[in-house]
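In what comes next, chain A is part of two complexes: it sits with chain B in the first one and with chain C in the second one.
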Partner chain A sequence: MGNIFFFFSLFFFYLGFSNISVNFKVFEFNSIFSFVFFFDWISFVFLGVLMVILGSVVYFSCYYMGEELIRGRGFIFVVFSFVVAMGFLIISGDWISLIIGWDWLGITSFFLVCYYNSDSSWSGGLKTYFTNRLGDGIFLFLLSNLFIYFIFSNFYLGTFYLFLIILLSQTKSAQLPFSSWLPAAMAAPTPVSALVHSSTLVTAGVYILIRSGSILGGFNWYLGGVGLLTLFVGSFSACGSFDLKKIVAFSTLSHLGFMVMSLSSVCVDYSFFHLIVHACFKALLFISVGMLILTNNHSQDFRQVGFSFNNLFFIWVSLVSLTSLCGFPFFSGFFSKDFTLEMFFWSFNPLFYFLFFFSIFFSVFYSVRLINAIVSIQWSNLVKEYSIFNIFYMIFLLLSSVVIGVVFSGWVNNLQLISGNFLFKFLVYFFLLGGVLFFYQHFNGLISSSIFFLDSLGGGIPNNLTNNFWLFYNNVDQGVLPFFSERLSAENFMSFSKVIQVNLFLYFWGFFIIFYFF
Partner chain B sequence: MPTLPGPPLPAYLRTSYLSHAQKVCRLYKAALYEVRAKHHERLDYRYHAVLLRQRFDENREVEDPIKAKALLESAYSELQAKKSYFPFRWPNDPGGVAFGRWQYYPDALLDLWHPLEKAQYPDYFARREQRKKEYIERWHQKYGQDARDTGEWTGPMG
Partner chain C sequence: MSASLKVLAKGPCFSSGLFKHKILRLVSPTVVARSASYWDHDWQPGPYPRTKEERDRAAKRYGLLPEDYEPFPDDGNAPGDYPNLPAYSAHHRDLFANYEHRQLTRHYGEPMHINAELYRLGFVDPNNADYWHWRMPYWKQLLLLITAVASVFGLLSIGNRYRYFPPVMAKQFPYDKKGQKHYLFEPADE
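Up next, the complex of A and B:
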């Protein structure tokens, strides 16, 4: 059934390559209130990628949701409703059609997260929906003032309204003050996460910033700062998680921060390029990790992964996706990330520099950690076997996570090579290599994933909402955690600082010596 | 949220009496799960599990109940202090990721089966029809022949 979506995607890519631009006014009332669709190469390429991901997710959900007791619960109906909403948002050219897509997206994502009956699904759904609703409130305020302006015009809207547009995208795209819903939304079934939380819902905010890119001048520092902090928090928290899906969720969070950062300082097309490439490899990662989860009887902990010969394929697929994620040379992540990285070599603010390059370092660190945990399977749990011949649906995403970077880099407008100091180009690879090497040091409970107390900003909704008063009263909220996972004792501090010290000394001083003397 | 056995609940939430042996066994299981959470590699885990067992075996022969209780309480407070922030739970255990994914369906759903599907289980459906009749008769005996169902919600199973 999913094959038709692959054909739709080819159709959309064909239209996208033809570089047309059509403004289609569906409805107009009193020449003020209008409802417009805008078909551009951006819309078509995004729709094409959406169709590829949808096709793969439809196949994947046949396996994942095939174990449900009740088949006719309308899961696929809600998924299609979500995709139509996303399509609406992608092709919308005006505030009225945008708000329809935006709100519809929020409602369907709530129903998708709340699919299971567990407490964590309920609290995750509420966190998701309330954060989205905050954005909707801002949107309604904007709409009451701005409905006469097209979203893509060059008309300067005023600082206040621009700030509200940026705040709007922050709530949807899980930027920093509003990012607590993304890990909580992992209570959704994995096909939902692959479609919704990797590429479509979370990129809606970035998408409207991309569309209104010409009017964002003056907010560069704000966007850059928010993006940087999200990038850092996401990649740091992923280094401390043990739940497979939460690691991927934090990785998505960090890449969203990266997209916003690239919007702030570089051409809008870089951000869009990264959006597309990220959608492909992140959906692939969710699907491969989801198949691992499925074969392990829904266990999401990477300490519980069991062995099966058929799992080796999914492990390999997740390895490919992770190498693309890290920006390994000549995979597609390299093309989308590296251009933006080079732009940030010229940043003057040392804290900015430090946080940014540490985030790249951490992204490699968590990737290596994840793949190490998946590959070194030692526990003989009961593993369900799935036929290896039923994995063809992953082929498109697999190919795209390797090849799409090369294909699109020659075609995205304004993409130019930055020629700089030869050693600057290797700066990135120092960090990548460092991330790999750093992993093999031995720590004792170094990093705890508390997402920097963000859960307390998530509306105060605990992770285990239940209607039973006594269970609720007698609980421990798993959200707010201190920084170290072991007790704060002097010897732990010493061991931590010693290892950091030795590593940093050898690594960074070596680099700076080379940099200053050559 | 119910969790694996840990320190004893406050007195107003306890619903059963546990013997000392039961408490010790619950402590051992909880401690073993914490060791499993901390040591990811199999050999490492096995080594520390053996050490944990050794600690329990040292105090096996303690006859004095006061001393035994004191040991148990100190052990529980040690467990509480050393709890991992990412506890090891199997997915369907309370506290695990897949806990609470219940699926409810009303019994009346079986009436919606196609006759050909029902014909695959003739004995069951014949017994079911008989039981439905008996249920309706009992209901009318209890509430009178003229009483009707008010449509109140009686639970997720219908």
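Up next, the complex of A and C:
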């Protein structure tokens, strides 16, 4: 069933090879409102990758939650709706088509996260949707002022509007002030996370910044700082998490920070390069983590998982995706990460390099931690019933996470080769090695998994929002409820409602005030 | 549907089914009645314990020490000899220990609270008040967040004044620029 998506992807990649640029105006009203599709090599390549990941996720979801699809709960419908929304956003060339795709993405992602009607799903979905809604409020304000301009023009929009565009992308792409929703959205089913939280929803914000890359000049300092912070916080928090999917969520967060940071450099195409490469290995990592969760009877506790050595293929898949994630030499992660790093070699800012290299260090740390869990002998479980039809898509993603770096480095327009000192170029690999070695030391209490308290400050929506006291629903993939979650108590009902009020106020004031006064 | 037919109807779902099914249900007697849940008479609590021997027997039955066993107050509403345990939720125990029933955070044979299905994971937590004082106050969290972000941005801006520029050659242009003769990309003269 999912084969047709792989054929679509081939078609899109073929179109992407041809360096075309088509501006397709769907309709125009009063010569002010126009609805434009823009077909570029970036659009086609992104659509191709999206189709590959969609095909893999369709097959994976048939294996992982096949009975849900047969029961007809509308899972596949919502996933397709999400993908159409993402396609809309990718090919949009104007603000109006963009906001349709943007809002549509927010709504369908809310339904996807809330698919299992458990408390953590509802609270995760609400956190996701409130943060996205804040961005939508900003978007509406922008739309009311900027509808006459194409999104990809070189027209400088002014500092204020540019800052709002950057803020908008921060809410969607989970940059630092708004990154509490991404770990909470891991209450979604694992195939949904592989599609949504690896490559599509979270990269929508980065995508619009890439598209408007020519006008981002004045905010390099802000993008670099925010990206660097998110990069560091994400990789640091992943080292302290004990829930498999949260580790992958934090790793996605850190890579998104990396993409935004690379936008602050000279060449914006590297951000897109990393977007594509990250989509491939992160989807693969989510799928292998999903297999791991399956073997553990849907428990996501990272201390009780492991593949048996009879499943060497799954071990291999996890290892390759993790090494590509670290930026190990000559895997695809290396090409995007190191080429971006070289763009920052023209001038050195001390703290920048300090945080960047420590983020690489931490990313290696959590990767080695995951590998240590995956090949543990104590908790080894066997995946028994699978055939080539269940795993062939993993071979596609595996090949792409190894090969796509080499292929794309020839595709990126402004590839520059930088030569420098031995120390500058090889410092990264010292940190890679150091991360591996550091793992085998023991430091208790050094690392925590709360992202500067954002998960309790910015997302303090309690987990008990439903009244389903008699809901005897087997909470599949409920995962590990975080220590900070606020529990409903019979005595504390008043404080519970106060907490709701405060959080709703904090999230909606932006939307309502902006929308109301402008 | 006339009143007499409604009286003769058996079963709760008379309005469902084709007309012939409704007629069949009218004339056929109820042969088998099943319940959706399962219950065993062994699970019923015994009578309220009056003597010490009854208390010890009840404590042993529920897996408690005799000095820990305490039945509900005898006001006529007590559920027999079921123990009145202090409210504890599934979250009150270590979530990650290797339980025999992992979803219930319980080992086999441990005493179950009378409201245990209400206090399971993802449901009501009566021990919520215990956790609140372990958290850092919100103002402190906000202060730490703002301090962290502002210090990173501040240090980055300070670092911008002391940037290190690695030595590079001057840029070469393929034309003659202001008197400096660079590589002109002319074909080699024979």
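One rule holds for everything that comes next: the second predicted complex is superposed on the first by the 431 of 518 C-alpha atoms of A that agree within 3 Å, B and C clash if a C-alpha of one lies under 4 Å from a C-alpha of the other, contacts with A are read in each partner's own complex, and residues count from 1 in each chain.
Assume a contact is a pair of C-beta atoms (placed from the backbone, for glycine too) under 8 Å apart; a residue touches a chain by one contact, two chains touch by 3 or more.
Since this is a predicted model, take the numbers as computed values, not measurements.
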Inset, instruction - Considering only touches as defined above, state whether A:387 meets chain B (first), chain C (second), both or neither. - result: neither
Inset, instruction - Look at A:116 in the shared chain and tell me whether it touches chain B only, chain C only, both, or neither; answer first, second, both or neither. - result: first
Inset, instruction - Based on the superposed arrangement, let me know which partner A:69 touches: chain B (first), chain C (second), both, or neither? - result: first
Inset, instruction - Classify the contacts of A:299 with the two partner chains as first (chain B alone), second (chain C alone), both, or neither. - result: both
Inset, instruction - For A:144, select first, second, both or neither according to whether it touches chain B, chain C, the two together, or no partner. - result: neither
Inset, instruction - In the overlay, answer first, second, both or neither for which of chain B and chain C A:351 touches. - result: second
Legend entry - Partner contacting more residues of chain A (chain B vs chain C): C
Inset, instruction - Applying the touch criterion given at the start, work out whether A:242 contacts chain B, chain C, both or neither, answering first, second, both or neither. - result: both
Legend entry - Touched partner set for A:224, first chain B, second chain C, both or neither: second
Legend entry - Contacts on chain A seen with chain B and repeated with chain C across the two complexes: 118-120, 242, 299, 301, 303-304, 464, 471, 475, 478, 481, 487
Inset, instruction - Would you pull the chain C residues touching chain A in the complex into a rising list? - result: 89, 91, 95-96, 98, 102, 117-118, 121-129, 131, 135-136, 138, 141-142, 144-145, 148-149, 152-153, 155-160, 162-166, 168
Inset, instruction - Sort out for me which residues of chain A touch chain C in the complex. - result: 118-120, 176-177, 221, 224-225, 228-229, 242, 299, 301, 303-304, 345-352, 355, 420-421, 424, 452-454, 456-457, 463-464, 469, 471-472, 475, 478, 480-481, 484, 486-492
Inset, instruction - Could you please specify the touching residues of chain A with respect to chain B in the complex? - result: 68-70, 116-121, 187, 241-243, 297-301, 303-304, 373, 376, 378-379, 445, 448-449, 464, 466, 470-471, 474-475, 478, 481, 485, 487
Inset, instruction - Going by the contact rule at the top, pick out the chain B residues touching chain A in the complex. - result: 1-2, 9-10, 13, 36-38, 40-42, 81-82, 84-86, 88-92, 96-105
